[in-house]
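Next come two complexes, and both contain chain A; in the first it sits with chain B, in the second with chain C.
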Partner chain A sequence: MSVDGDEVKILHGPDHPLSVGWTKSQKMTLFEDSAQPLILESGGILGTVEVEYETYGRLNDLASNAVLVCHALTGDAHAAGWDQEPAGALREFRKKKPGWWDSMIGPGKAIDTKRFFVVCVNVLGSCYGSTGPGSLNSETGRPWGLSFPVVTVGDWARVQMELLTRLGVSKLCSVIGGSMGGQIGLELALAYPERVGSMIILSAGHRVTNQGLAFNAVGRHAIIHDHNFKSGDYYGGPSPLMGLAAARMMAQITYLSEESLGHKFGRRLRGKESPDFTLTEIEFEMESYLSHQAESFVRRYDANSYLYMTRAMDYYDAAEKWGQGDLTKTAARLKARTMVVSFTSDWLFPPELCRELVSAMCRAGCPVSYVNIPSRYGHDAFLVETEAVRRLITIFLKD
Partner chain B sequence: MSVDGDEVKILHGPDHPLSVGWTKSQKMTLFEDSAQPLILESGGILGTVEVEYETYGRLNDLASNAVLVCHALTGDAHAAGWDQEPAGALREFRKKKPGWWDSMIGPGKAIDTKRFFVVCVNVLGSCYGSTGPGSLNSETGRPWGLSFPVVTVGDWARVQMELLTRLGVSKLCSVIGGSMGGQIGLELALAYPERVGSMIILSAGHRVTNQGLAFNAVGRHAIIHDHNFKSGDYYGGPSPLMGLAAARMMAQITYLSEESLGHKFGRRLRGKESPDFTLTEIEFEMESYLSHQAESFVRRYDANSYLYMTRAMDYYDAAEKWGQGDLTKTAARLKARTMVVSFTSDWLFPPELCRELVSAMCRAGCPVSYVNIPSRYGHDAFLVETEAVRRLITIFLKD
Partner chain C sequence: MADDVFKFPEGTITRAELMDLTMTHFLGKLREQYEIVRPIPSRRWQDKVILGEIVPGCTVLDLGCGRGELLGQLITDMGVKGQAVELDPEAAMAAMELGVPVLNLDLNEVLGDFPDHSFDYVILESTLQTLREPLRVMGEILRVGRRAIVSFPNFGHWRVRLDLAIRGRMPVTQGLPYGWYDTPNIHLFTLADFLDWCQASQVKLDQGFALVDGQVHPLMEDSNLSAEEVLVFLEKE
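This part shows the complex of A and B:
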């Protein structure tokens, strides 16, 4: 996502009445009972799990107003407001910007914190506060690296539900997520149908596309074959920045559309009238943008986490997991009132894929609405088409 | 291109009557008069230029039956028949397969060598026989590396025309090319309108798309930032194989379509019923395919040449070069009877881009026909949809 891109407008400072203001991430340790560790879908076992999360608004007395917001691939728990204490190099980038979905979350906004208790949880395996490959393995005193067990979308849903239970939420009013966050939302509603009242899935689906699977595979290949990767045991030394940069640049292309790339850069040269005829220097604005994206990304994200995140996305296949390959049978589990939103130029989670899910839900008799928003912004549209998304969420949450 | 992929069927052995049989590449030194070196569009100067080429069939007495076939990004001069003497590691792969367009070129085939004198020239900057960054610079006695001047599509057209002149061809009966080869064909017809009787452009256009530009940029970034790149001066030592592999894997995705990826691999696991939950090993057939493609590619292609080829493709903008940005004005230069062929699922040179060119040619009053072939094979379709392409070329060349 171009969460850190130039498309995200800063709408409100921390003192604005529509802002949740200054925020502070919280941590909770889960599965601390050694007799009941977290058994992952991969078969891996995690003794204790620390999760980082943020909350906005207050849980009401009936505990009926909780909305879980799920972040995308390289996102974090800081969804709204301004971070009080960005910690560590990987989080330095937070300083200049509000939370990644500040446009939607706040008092009087679409996800109204005067009405809702909003929770956003950093996923397991991430590098933004929840336990992950960069965390210390208490048994060795060293970072896990690739000895960290493989995690899945199902595990993420499980951990987030566990946290919600501890926060006193037995049933979610709604779960909302885009892209990878949409996969988590769907999985939550499938795994805990009685505990999810409604869900909004943006630019996501029941599986990644074939192209998505392929691009993720190439991204991991680039990281794993980076000279500095050292089987993931690179902490304390040089990181596989080159591989991570390549993965990010490639992914960045999949977040935009042919039209938005044309609109943003096209064939414009970078600060010159005619080309310098150089192979290794920047000629086109396009190259400059992609390089810049990569540079800022490798400063803030850990390569191992990138492997874990993309693998989890790739493994996820709701139909396979819940319906022996039958998506309608899968959808029949659902009890949540649902809205699915796609964007016309999104080719990472294209409208056709979203419609597959929606059709299955219709066949299964689920209460589902579907909107395909005309947009040129590609996959990033779910973060960029603020006005359309804001209206849809507002109406959906009104009921 | 998946020239080396599993989609290319071996139709005829060298002894088959429809095969051009055993072939032998030829070399010619051009611009050997030191008073008249090759002045490139980049401003670079090359003293002598060696070009590797192959010919099939015979030039008739009027020298009116020459057909130039232009190869794609990582192709070579060996377009038809079976190579008599594949030389060097980079060319080892030729042994088991006929030329890359053997399905079209031969006695009685679409490009009928009983009628036509067919020429295919390896482009300048390549690693397949023509002078390029891996060639020895006679002034230093060492490989050029990145001191080799930047070459352009215009330079390629110029060199190929020079060779044709030396072969006694003053006017081409036809020029035919796909993808990058189509760019060369178009440029030839624009630069030498009196010398090109007709042209067939397959899966190509007057420029690359914005996505094409972006993917090429990422590919080069991966190569240039490979630990072993050493500013292109890696000959004799380890090559930047990792960067080249990443570039190729990514490019490979752009040669296929969502549908063909699904048909070939989908989400199928590689030799197992359920995933092993590993980050660094192969899980999906998709990963296995891409890795295999990369492995075979880095054995046969030089990273520096990859930089030169993709840069040339990126720079090319026929409208900018010939019509101050006006494609109709550009097309007005053309005298060649033209057929443009696109394929419905090609998203590297998509039908819309081809139609831009065709529309401009129509507005300029050019004799042009256009066919959009329904195909699921993506960009590779121009090599895979043999039957449809064969018929179109046969009919076009009949006149």
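This part shows the complex of A and C:
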């Protein structure tokens, strides 16, 4: 299992009554008015942005039942159901599994599509349909590569709100996100306090930890120094797969915990009783697992997008942005009914970090719910501990 | 000590054991009688009193909210802005289901997060005697809230005294239903003890209520003997 649902547990097929069924991604062009392009927080300018999204359920007459679900680092807009026709090599994996949060979204599920109009939007800079480094730059006719401007969590929130406006949603009933998706949810509630009714933040905080920042740096280092990287201008030729694989393997470790690694593999040798005393071949189950994870990941993700995603997470600091470094001042902006959920063994977004936001809300006089779920699954827990998460979401979204 | 042993067809028994049996029998009879006449409150009596005393639209912090019945009702019916803290995850989730914002944490961990006088009322029901540092928490409650609402079982109640004096055993009553080995009540005190502390700590008693024979009365002179449980509204002077 991984934070973006690399090994989504398949509950049922598209014909099951609890499934949203076959899905089809949708696209919308935003900021097409050349007089009003998208001015990014980095100062970069994007005229005409294409956004890929999926929706499940129906928007009611009052447009009051919209729930925005925000995906994590390497996720996509395909949050539930089965992709009718996965287009392109990166989406091959969709033939074998449903959307990344199929366990939560569907008719009669925690995010009940009979009640809610659920929207999931692929973030800018990603490689799953929204404009990103792999898209063609209309001015040059070539892929953007690293000339694509740096995007931030704030930009994502803005683009998603713009899309929601176009879909007829002026106020979200709720925004729900885990990990990077939790950062987007928080940013939306801070940037548009009047437009977010409630939010659930899972395994996320107002910033990444120092260790998180460091891990992201190592991941990017591996990609940038792959000899196929060619300053990001590798489209059409061999991709920096080794670098991306290394980045993924390392990240994968941060998604698990000492206990879950032990439970999965421990020190077990791979298909043998005693070691072969080799330095270059696989000896441990652990190595085999990591390389398998990396192999399937590089088939479905773009290295440049990985750089943009991790950078955006690095830059995000809600306290800096909204409170001149003061998180209490930042939290005082919030009007959304809020629930924060952390998991005991998560060391990428540890409970202490999630608690900082909760404490700030208490100091700011904002009522808040907080649960620290006992789990051994590390950061992955927010996708793995489906029973606990399902219950909390159901309770929180109750009328 | 052979003469201290009584012989019966069923076996032998020591004087001490016989005394104990007799007292237990006597107390059991007394209690039976007592339980029969005693009306059982339909819900936590403290909740009822609090619901009657709290001003609509105020802010309330409920520490150890349980399943959130009180704060849920305050929020829904009286427009109270509420925050709850509950350590038990099941109870916390039940409270959330009632629309109560709950921090599923130990109250010792969270009190420091709240600014001075950030709530009109801070409620601590039947919890003070379970805390490791009850006075530190009382201090915090009186800092965070303009008023504190605190309830506790009264160790000075006559039945408690009787159990201890005659049976020589730790009392087990409806208000104190645990054995000595599994009780969460680690700091037992009487109403008189508590009032002494209030006086010594410049804490003003605004109002007080006592549960006597299943009925709620205002606090009186003899409450330390008659009250099973006590509910007080306090303010720092």
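As a convention for this text, the second predicted complex is superposed on the first by the 392 of 399 C-alpha atoms of A that agree within 3 Å, B and C clash if a C-alpha of one lies under 4 Å from a C-alpha of the other, contacts with A are read in each partner's own complex, and residues count from 1 in each chain.
Simple rule for what comes next: contacts are C-beta pairs under 8 Å (C-beta built on N, C-alpha and C of every residue); 3 or more make two chains touch, one makes a residue touch a chain.
Being a predicted model, the structure only gives us computed values, none of them experimental.
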Inset, instruction - Could you tell me if A:136 is touching chain B, chain C, both of them or neither one (first, second, both, neither)? - result: neither
Touch check for A:45: first (chain B), second (chain C), both, or neither? neither
- Task: Kindly classify A:227 by the partners it touches after superposition: chain B alone (first), chain C alone (second), both, or neither?
- Result: first
### Query
So, does A:217 touch the first partner chain B, the second partner chain C, both, or neither?
first
Counting residues of chain A touched by each of chain B and chain C, the higher count belongs to B
Practice prompt. Using the superposition on chain A described above, determine whether A:370 touches chain B (first), chain C (second), both, or neither.
Written response: second
Dual-contact residues of chain A, meaning touching chain B and chain C, are none
Listed in rising order, chain C residues that touch chain A in their complex are 59, 81-83, 89, 92-93, 96-97, 99, 101-105, 110, 113-115, 118
The residues of chain B that touch chain A in their complex are 41-44, 146, 149-150, 207, 209-211, 213-215, 217-218, 220-222, 224-228, 231-232, 242-243, 245-246, 249-250, 253, 258, 261-262, 265-267, 275, 277-280, 283-284, 286-287, 290-291, 294, 307-308, 311, 314-315, 317, 320, 350
Listed in rising order, the residues of chain A that touch chain C in the complex are 337-339, 358-359, 362-363, 365, 367-372, 391-392, 395-396, 398
